[in-house]
Amino acid sequence: MSIFVQSLISGILIGGVYALIGIGLTIIFGVMRVINFAHGDLLMLGMYATYFLFTQFHIDPFVSIVITMPLMFLYGAFLQRFFINRVLDALPQNQILLTIGLGLIMSNTVMLAFTSDYKILSTRYSSSSVSLHGISISLPLLVSFAITTVITIALYWFLLKTDTGQAIRATAQDREAARLMGINVKRMSIIAFGLGSALAATAGALISPTYYIFPQVGSSFTLKAFVITVLGGMGSVIGATLGGILIGVAESIGGVYFGSGWKEVVVFVLFLLVLLFRPSGLLGKSRT
Amino acid sequence: MPSPSFIRRKWITSAGGKRVIPLLLLASGVALLALIPLSVQSTYALHIMILTFVSIIMGSAWNILGGYTGQYSVGHAAYFGVGAYTTMILLQFRHIAPWYGMWAGVGATIVTALIIGSICFRLRGPYFVLASIAVAEIFRVTALNLKDLTNGAEGILVTELPPLKFGDTVITDFTTKVPFFYTGLITALFVIFVTRGVQHSKLGYYFQAIREDQDAAHSLGINPALYKNIALVISAVFTSVAGSLYAVYVGFIDPGTVFSLDVSVQIVTIAIIGGIGTILGPVIGAIVLVTLSEALRSNALTNALIHAGLVNADSRVGVFLKENLSHAHILIYGILVVIVILFMPQGLLGFARRIVTRKRKG
Amino acid sequence: MAILEIRHVSKFFGGLAANSDVSFEVEEGSIVGLIGPNGAGKTTLFNCITGYYAPSKGDVVFRGLRMNGLQPDKVCRLGMVRTWQKVRPLTNLSVLENVMVGALCRTNSLFEARRMAQEQLRVVRLDQKGALLAGALPIGERKKLEVARALATRPKLLLLDEVMGGLNPAESEELIQLILEIRKKGITQMVIEHDMKAIMRMSQNIVVLNSGEKLAEGAPEEIVSNPRVIEAYLGAEV
Amino acid sequence: MRAKSSLIIALVLTLPSFVFAANAKVKIGFVNSITGPEAPIGESLTNGVTLAIEDLKKQGIDVDLIKEDDTGKPEKSMAAFEKLATSDHVGGVVGPYPSKCAAALAKLAEKYHVPIIIPVASKDDITRQGLQWTFRLSATTNDYATILLDMATAFGKPKTIAIINENTDFGTSGAKSAKEYAAKKHLTVVAEEAYAPGSPDYRSTLASIKGKNPDLVFMVSYVADAILLMRQSREIGLTPKAFLGAGAGFATEAFAKEQDISNNVFSSTQWTQDVKWPGTKEFAARYKAQFGKEASYHASTAYESMVIMGQTLAKAKDNPARAKDLLDKGSWNGIMGVVKFADYAGYTNQNNHQMLVEQIQNGQRVTVYPPAYVSGKKAVYPFPGWTK
């Protein structure tokens, strides 16, 4: 029983970070209908930024988010403005290949700059935990979950209450209609990609104290982000939040009851089932 | 937008007599290729050619489903892997020679493809792409965990390859690259031939109609599910053969080398860089990509510069190039992919054709 | 004799009824006009008839065969084909190839299909443009291409969904002549159209839909003088 | 100054027992993972080889080194080897690191009659195929597990063992060996977990292992996951009598530096910095000075392989066939101890290398087993528990 609770809690905490990754991807997909294969690489850049700030300027990873986030927002906006924008009307496979190419460029540039060594970001609290009735809870994960929650709430507020947020949502719902309504769709796309990158990078920053950093770290997160987004419904922010936590828990509990080797199968089968029976995802609306 | 079917129209409209010339060219080209192993001493070159053939097979196979039928699968590693694994399991654990095992691989792949098709073809667009990735990942993780069947992560290392016999005469014992060269060449030609056949038949028209507009196609008497599955099976079968060929040639497979997303992406890249929906696109893509990545990997540029006397090998520039270009080759590869997508969205073939038409007009 | 019978067809989306209890018959060899204000359920009805939707209730009977649940490709092979309100050319294929795709429904030979396609292109007067890419055609010619492609499937019943939408008067007139010509070949037609004058000229029978229900049915002159139609449709629209 | 004198010592120690012509020129191919997933370890190999080339030069052997990237893929490593053998005409090849690449190259070496020394790819099968042109310096995967269990049963009386391994070639075969050898040592395997590398959360798995209360926890992982597993073990409060790491990630500086979690963890290794093999200390010091980090066993095996290949080819006048004979018969004594490529127990041309066990004691990696190689500090056993 305590093992179950233990896995449930750590699953939820990790799921919070997954959710951030998924939300970023879902916003990008929602607004542009582009599957971003470089999403994990954006996360990787966030990790390296955090690592760099920590080792060079001794800025705590959780604090450095305030620098990393806007920086990666600009970077994402730049990518959108100069690369993704040019293929918005191209065939989907060209869009995919472009993001794959961009991802390769990012990870290999980082490799040239930082070598391919694993970087370990060790803070005082990297392996500390609090114990509650025999259940141990990782302190850094707890903090990162709290930050994730705050960011997610702020994001909801932004999307629901601000004009820009509403314009983004309108664009996601129907690009053509949004254009007719006078929304600057190009600008919304730039903001969306910026937001997506910033969120991915934040997720990277949040897990770097407990994880490790290397140039190819992104690929496994890209796949995870796909699963989360589809699970939640592509384009749905709430869906991605739920999807992230669901995947965190599924992995954690699947690892205990199916064995670590099969937990990925559990996740992908779950993914396929959702695709088949609810292609719009758990919370998505549109089918196309 | 220039049409992917541009070339075809030229073929159709050219008068019967004119067709003899390309046919002659083709025949002499094939004959020349077939003579290569006799004249080329460098097995290094043969190795690169064999890899190119495998890539041509993979790219052309994908092209039938992705290029003609418009179903952008990013999960072809599943078929590549099923072919490779079936052949290798039969070879290493059951001592069944690969030229039989390969057919078992094809059989297994057809079953796999029909199952995957029944799942994935219910979805369209980005959902189809993601589902195809997921299915391939399920295969990878399953191969990793079904240790009794696949030997898991340890992979399968071929220790012995039985010679190919005809009666009692040994045709080849596979100690040289020559048999692999011919197998690759013949299969590559065959897949090109099949692509051409598809393009010039009802199938090809139906595939393209589905690619252009599935609903419109449906209203014109085309059963999309049926024809998508036909395209998938053709595509999967050749991908599977490529997998078998690769596995036996390299002599070792593990889930990471044959089932990974990298393989799927590589397959798609070949077709897109070359130009999809054309017979020759994937062929060009394969030739360019294999040679290019080998040239980058082996730092041919630096060597050429040094050889030409432009850069001194021991000078600072020479050392810098030597040390860094070898690290940067995937970076350069990535940059090239981005450039092609941005500036030649129709692939190399489409780009070349556009230049030709522009010149003709202007 | 009726070639098509619509019997009490209803189609629900969630709780919303897009069609409810619609019934009428289409006489063989005639042109039937289907009219109604926007959102009246005309296209939904087309979709129910041609197999894109299965009717929630009721039957679609074509030449004595119950069609419910048959897929569009089967429907086409049985001799009923539709065009699209928003044209759907196969943009990267040539005009001729577009029509050949339709013809291939009746033959396996490319040669034969090409011959049939050229014949249909002559009917819609696009025979000079066969080598162009379908995507390169202007809207008026795309509409004609759509008709030619449908005709190439050798239909008994042709369903035209607003073929004149977005055309200038000269182009519309050309299409009206085309539709009348097609009728002469013995092909029954059902036409959704907003241009009342055109509908009046072409149709032998007109069905009026409003809010998913059949409001009226009759010869053109009856419809024009039907007060309910005037109120619900003409009054609001014109 | 100190570096210089240590260089001279290294030079003297690595001087072989034969005399060679001054300034012999040899051509050697070095196939290595410069990019791709194995690149972090590839870098250690590159550094080791760099030092070896310097030392060979001091011995009067000019090495024309042709570096080839295998990107971690077997077909790329094959292309590299084809090029080296048929276009560069090298006398011998050193490398590659990934076992799948090494397995592919072993066959090519046989075909082209070019000797290859595999420094540290550990898959057992590579030298079990009767191939004559393939020589392996390092001990095989099997030995990573056995030496640890030998040690644990020598130090105490453990009854149960949990096995955690990453689901890769090295991980799976390491776990398999551990399981087989555990049976021989009368240990009960209470848990077996093969995890997919790259997951940020192993807590649930570790918690279920903790519930089984094993005496020994045996792990096979690369450095990143090694740190992750130990961090989360600490969080969960997993406290067996000993943590046993099978080489790879556990025998690295990066892991040792994480004192909070690495203290008192055992790891099997091919080489340690304080082992009494000739030239070890000097090599370690030089490596640290030149590359700013501690040498790993990957670096030392690569170094020694390159030195052996260089010297052999110099003696063989760059003739591959003669070099093969010399490798067959020769014997060396350098930083990897005595090296002899022998045929035994189903192996061909396999150096029967002595594995070592090191323990991390306050950030220092100390050799603690076998007793003959211990240089002072004693092993801490059983595990004293986590520091708060």
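All chains are identified by letter, namely A, B, C and D, in their written order; residue positions are counted from 1 within each chain.
Here is the rule we go by: contacts are C-beta pairs under 8 Å (C-beta built on N, C-alpha and C of every residue); 3 or more make two chains touch, one makes a residue touch a chain.
Just so we're clear, the structure is a prediction, and the values are computed from it rather than from any experiment.
The minimum number of touch steps separating chain A from chain C is 2.
Both chain C and chain D are touched by B. In terms of the distance between Cα centroids, chain D is separated most widely from C.
Relative to the centroid of every protein C-alpha atom shown, the closest chain centre, again from C-alpha atoms, is found for B. Distance from the chain A centre to the chain B centre is 32 Å, each centre being the mean of its Cα atoms.
Chain centres here are Cα means. That of chain B falls 37 Å from that of chain D. Centroids built from CA atoms put chain C at 44 Å from chain B.
Multi-chain contact residues of chain B (touching two or more other chains): 141, 144-145, 327, 330. Shown for chain A are the residues in touch with two or more other chains, namely 108, 111, 261, 264.
Of all possible chain pairs, the ones that touch are A-B, A-D, B-C, B-D. On the side of chain D, the complex with chain A involves touching residues 35, 37, 39-40, 42-43, 167, 193-196, 198-205, 207-208, 211, 223-224, 227-228, 230-232, 234-237, 254, 257-258, 260-261. Of all the residues in chain A, the ones that touch chain D in their complex are 2-3, 6-7, 10-11, 14, 17, 108, 111, 115-118, 120, 122, 126-129, 131, 136, 138, 207, 210-212, 214, 216-217, 220, 248, 251-253, 255-256, 259-261, 263-264. Chain B contributes residues 41-44, 47-48, 51, 141, 144-145, 147, 152-155, 157, 159, 175, 246, 250-252, 254, 256-257, 294, 297-298, 322, 326-327, 329-330 to its touches with chain D in the complex.
Of all the residues in chain A, the ones that touch chain B in their complex are 29, 33, 35, 83, 86-87, 90-94, 96-98, 100-105, 108-109, 111-112, 219, 223, 226-227, 230, 234, 261-262, 264-265, 268-269, 271-272, 275-276, 279, 288. Those residues of chain D that touch chain B in the complex are listed here as 34-36, 67-69, 71, 73-76, 78-80, 82-83, 85-87, 100, 103-104, 107, 111-112, 123, 125, 129, 167-169, 171-173, 194, 196.
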